[in-house]
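Look at the two complexes coming up: chain A is in both, with chain B in one and chain C in the other.
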Partner chain A sequence: MSEVFGIPLQALLSQLLIGLVNGSFYAMLSLGLAVIFGLLNIINFSHGALYMMGAYGAWMGLTYLGLNYWVCLLLAPLAVGLVGVVIERTMLQRLYKLDHLYGLLLTFGLALIIEGLYRQAYGVSGQPYPVPELLKGATNLGFMFLPNYRAWVLVASLAVCFATWYVIERTKLGAYLRAGTENPRLVQAFGVNVPLMVTLTYGFGVALAGFAGVLASPIIQVNPLMGSNLIIVVFAVVVIGGMGSIMGAIVTGLGLGLIEGLTKVFYPELSATVVFIIMAIVLLVRPAGLFGREK
Partner chain B sequence: MNNTQKVFIALGVLGLAGPLLKDIVYPVFLMNVLCFALFACAFNLLLGFTGLLSFGHAAYFGFAAYVTGHACKEWGLTPELGVLAGTLVAAGLGFVIGSLAIRRAGIYLAMITLAMSQLVFFVCLQAKFTGGEDGIQGIPRGKFLGLVDLTDNVSLYYFVFGVFVLGFALIYRTIHSPFGQILKSIRENEPRAISLGYDADKFKLVAFVLSAALSGMAGSTKSLVNQLASLADVHWHMSGEVVLMTLLGGMGTVFGPIVGALTVKGLEHYLAEQGSWVTIVTGAIFVVCVLAFRRGIVGELAALFKR
Partner chain C sequence: MNRTLARATVLVGLVCVAAADGLAQPAKVSDGVVRIGVLGDMTGLYSDLGGQGSVIAAQMAVDDFGGSVLGAPVEVIAADHQNNAATGANRAQDWLQTQRVDMITDLTNSAVALAVSKLAAARKRLAVVVGAASTRLTNEDCTAYTIHYAYDTYALANGTARTIVRQGGDSWFFVTVDYAFGLSLEKDTAAAVTASGGKVLGRVRHPLNVGDALPYLLQAKASRPKVIGLANAGGDSINSIRAAAELGLTGEHVVAGLLVFLTDVHSLGLQIANGMIFTDGYYWDFDEETRRFAKRFFAKARKMPTMVHAGVYSATTNYLKAVREAGTDEAGAVVAQMRKMDLSDFFARNAQLREDGRLVKDMYLVQVKKPAESKYPWDYYQIKAIIPAGEAFQPLAQSRCPLVKK
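So, the complex of A and B:
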């Protein structure tokens, strides 16, 4: 058995894979946060709660309606997106003229409500969600066993991330979006329905979180606190990457997942805090973040 | 006599008479309210008067509680020295986190402080002296100056009240000093304050450290009252709670955070047996405050009296 710095290669690779899978969740969530922040200037604190709703959507779909994983992978993000649209239309819309901090406070309150309601209904213990039949088992790559489901998570989230990047950076719709980020009033004057675009952007951003939640449900126990534990790390990821670029959010998310995985192998005590320590270092060296622009 | 003086006298009398109300309110509850009122006032110094939203104030509050708990239990320090130790450590922590956080503004600052307080949370979870999941239990209340036994709730109440008055007086002096005026000018228009020759970052940092130190003082005192320092005090829920107290009471008002602390703590006290409803109601108050009630209770009352 080959070893790297005294760590069996097998263990190292499987931790790296777990790191990459976590990183793809960071990437999807920070991507959603960045897209929302770009147009709405709001940091969506309820992102974690909506991610949790996505996971529960999959679990509820299976438990109450007998819907399989693949149907839920489509329906749950749509449902979460719809919740997002309602939140934006009824509440967030009233805050755009105010200090950005109010958006943070409102979505924090919403996160507490959502989390509390789920805790009231399902308690804090996790609900197991089975891996779909098609993706059970593992593939022998010769040097390691690759669990099929984790491979799927990696592929699916990367595909979604790059599709989002493509739409925003390479299509006409994305051009409107980027223009709206720079100067919404001018874009409105050109005849683009900016309020609708804002609503749909928020809906899309939180649907990404819902999608990540469904993907995560077979890996971790579905429980009401899964979102709030994750969202703080994602905030640190966003500070490290800076919210200026879509690709930046994806790369930073994956990179930090990898680093976290490596830390688990070499110095497990630090694995929970390494992202925050990196954030502190980045703030000292490059306050705007790795991909950010000073405003 | 103007309105502010009247409120001062009313609050002072009410505060001094606290132990007489022991048939109506539980004294430990009152002491907790005082600790949280000081915490919220310290937080308000930063949010209401400097315009910085920190989402990680639980770090100073909770970590100071651990320091005081450890100092009083393991080293046998007297309570006033224990509180002093907690306050100083919180000030140091505030200096480190504050120096990092003020490198960014607005929502970034909120995210950075939240992330750093999560770092403190994990340190508290893993460090030896904090007792991990158990926390530090059975912290001795000790004897004030080695003379007055604080195991008696009435003496402890006056100790806590004294700490509160000290902290509140310091905050009151700060916001009414030239230094406080500069903080307000930074809140209103930072570039202009800078162009007038003020080093905005330095002022922000001093406000940050002061706020952290007083939050620590509140946390230290609370650890003596409940004889417990636990992970709940460093958790981000606590950071959210102090934001809520300040927002609900009225940010940028002198008395708002006190009213907010009393309301939130009272609510939690009566909802304690309802499980998750505390969280749901807390969240709902946040939403209502932001959408319809941004001046808070005291802010709205003040506007009513002015008309």
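So, the complex of A and C:
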């Protein structure tokens, strides 16, 4: 049996694969953040709370309405997106002319409120969410048994990420969005409804978070703290990738998932910190991020 | 001349009032009030097993005691240490210096408990640690003013590990949370395993708030142990048990949660948690006395009490009794009184406070019921054995506490 630095190759590959799955969560969440920051200039600190709302949406759908996983996979992100639209229309819209900091503070405050409400209602130990019947069990890949559900998470997140990237970078709608960010007045003069586009973009960005939440529910306990535990790492990912770069967020998310997976094998105690070490190094060497452009 | 006389009169008057005021205060109770501080994890991963429930329990104890002792009122205040030793220490320091808190309790999180017990000892006030587990509190880091009340990693390891090794689980791999508590639990359990004739194959350490525990359980599985010991608690043990179930580990390996609370089982559900064997310090459905407390607690907290909740109630009650019998709230006298008293109640059976600060009491070996065996809400455990107070904890002769006379 071959070994790499004292770790059997099999063990290493299995950890890398799990790392890739975690990376796909990072990719999807940082994609939502990057879309919102890149197109709206808002630093959305409530992203973690909305991810948690997506997970709770799936759990509530199952517990109170008997809706299965697949239905919730569609409905919960829509519901979270709707919440996002409401937040944007009633509160965020007023902050666009102001400093970045106001958006950050507002969304941070929203995150605290949302989390507090859920914590009050459900406690922190969380609720179990079952793996859907179709995806139960594991597949023998030779070097490991990969739980089927994790494979699904990888496929679904990559599909959604690349679909988003394609729409934004390669379609007319995406072109409008990008133009609308650079020069809203000019684009509006051409008859494009920029404020509506902005609202829908925010809604879409948080719907991505909600989708990630539903994907996460069978893996970790659905609990009010799940967002806050994740959001700081996601921010680090966005900073490393370059705020505003869509492809950067996806690639960095996956890459950091892999690096974290490696760390968990060789030096697990560091796994919570390694992302921030990399962030510090990247900021020193390339302040705009690996894929970012200086604005 | 008149003005000076007037000023002098006022001054004398003030001095008289101050003196009278000093005489009117009960000289036995410092500052005229007994203040109990509940310092716990109010919002993080341990807040369900302790948290607000501990505050409710402490207040219940004060109310049941009558709300006052030696003529002075008793107050309960609470704060969140956020699982951060620095935050907890700052809050404790503020309480001890400015708020004149006489006794600090709960202290779920060993890192916080260790820091606060040192601060309390420096100011000669009591730290009654209920929620934390590390045996360091009664060994290397013992103080004359620290009481380790409910349980510790030795008691957990002793009960659980010996039983499982005797049942055939003689090779272990640990998944440990990387801070004071996890390390202490891993160390004590490894010692219990080897003492019973088993061996430890290895361990992996994860950061607090693990989230997805699958990578660590994969590493555990790779070593092919008979038993996977989970040296973590709260949200971390819940996620570890889920990951083990996801990998289908519960068939070929024993997944031994080393510190599992009633609230964890409630959250996981009997479908996933059934069959687990572990050591607990209190079960609400044990007998009529435990049930009586549990039902009253449930009415206020909307959940059944864990060992920490019941422990805080018991600790607060015994503390107030000791203050009353000692005739003062001076910490040294109270501790001496507690050593002389019979501290047994519904929570602490056959209880005795030792010179290393350890309260010894009966512990219980429990097994989680299968879903079909559970007849009513919260009917989760079967009591497999009672571990008597004399055997459950580290023998005093083995204590590394400098206060213990050899």
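Keep this in mind: the second predicted complex is superposed on the first by the 292 of 295 C-alpha atoms of A that agree within 3 Å, B and C clash if a C-alpha of one lies under 4 Å from a C-alpha of the other, contacts with A are read in each partner's own complex, and residues count from 1 in each chain.
Here, a residue touches a chain if its C-beta (ideal position, glycine included) is under 8 Å from a C-beta of that chain, and two chains touch if they have at least 3 such contacts.
The structure displayed is predicted, hence computed values, not measured ones.
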| item | value |
| --- | --- |
| Chain C versus chain B on the shared chain A, clash or fit after superposition | clash |
| Partner chain in contact with A:Met60 - chain B first, chain C second, else both or neither | neither |
| First (chain B), second (chain C), both or neither touched by A:Val35 | neither |
| Touching partner for A:Ala272 - first (chain B), second (chain C), both, neither | both |
| Touched partner set for A:Leu95, first chain B, second chain C, both or neither | first |
| Partner chain in contact with A:Gly126 - chain B first, chain C second, else both or neither | second |
| Segment of chain C that clashes with chain B, given the candidates 62-70, 116-124 or 314-322 | 116-124 |
| Residues on chain A lying within both footprints (that of chain B and that of chain C) | 119, 269, 272-273 |
| Footprint of chain A on chain C - complex, ascending | 43-45, 47-49, 178, 204-209, 211-212, 214-216, 218-219, 222, 234-235, 238-239, 242, 246-248, 263-264, 266-269, 272, 303 |
| Complex contacts: residues of chain B adjacent to chain A | 53, 55, 100, 103-104, 106-108, 110-112, 114-116, 118-119, 122-123, 125-126, 236, 240, 243, 247, 275-280, 282-287, 289-291, 294 |
| Chain A residues touching chain B - in the complex, by the definition given at the top | 43, 91, 94-95, 98, 100-102, 104-106, 108-117, 119-120, 228, 232-233, 235-236, 238-239, 269, 272-273, 275-277, 279-280, 283-284, 287 |
| Of chain A, residues touching chain C in the complex | 8, 10-11, 14-15, 18-19, 22, 119, 123-128, 131, 138, 144-145, 147, 149-150, 219-221, 223, 225-226, 229-230, 261, 264-265, 268-269, 271-273 |
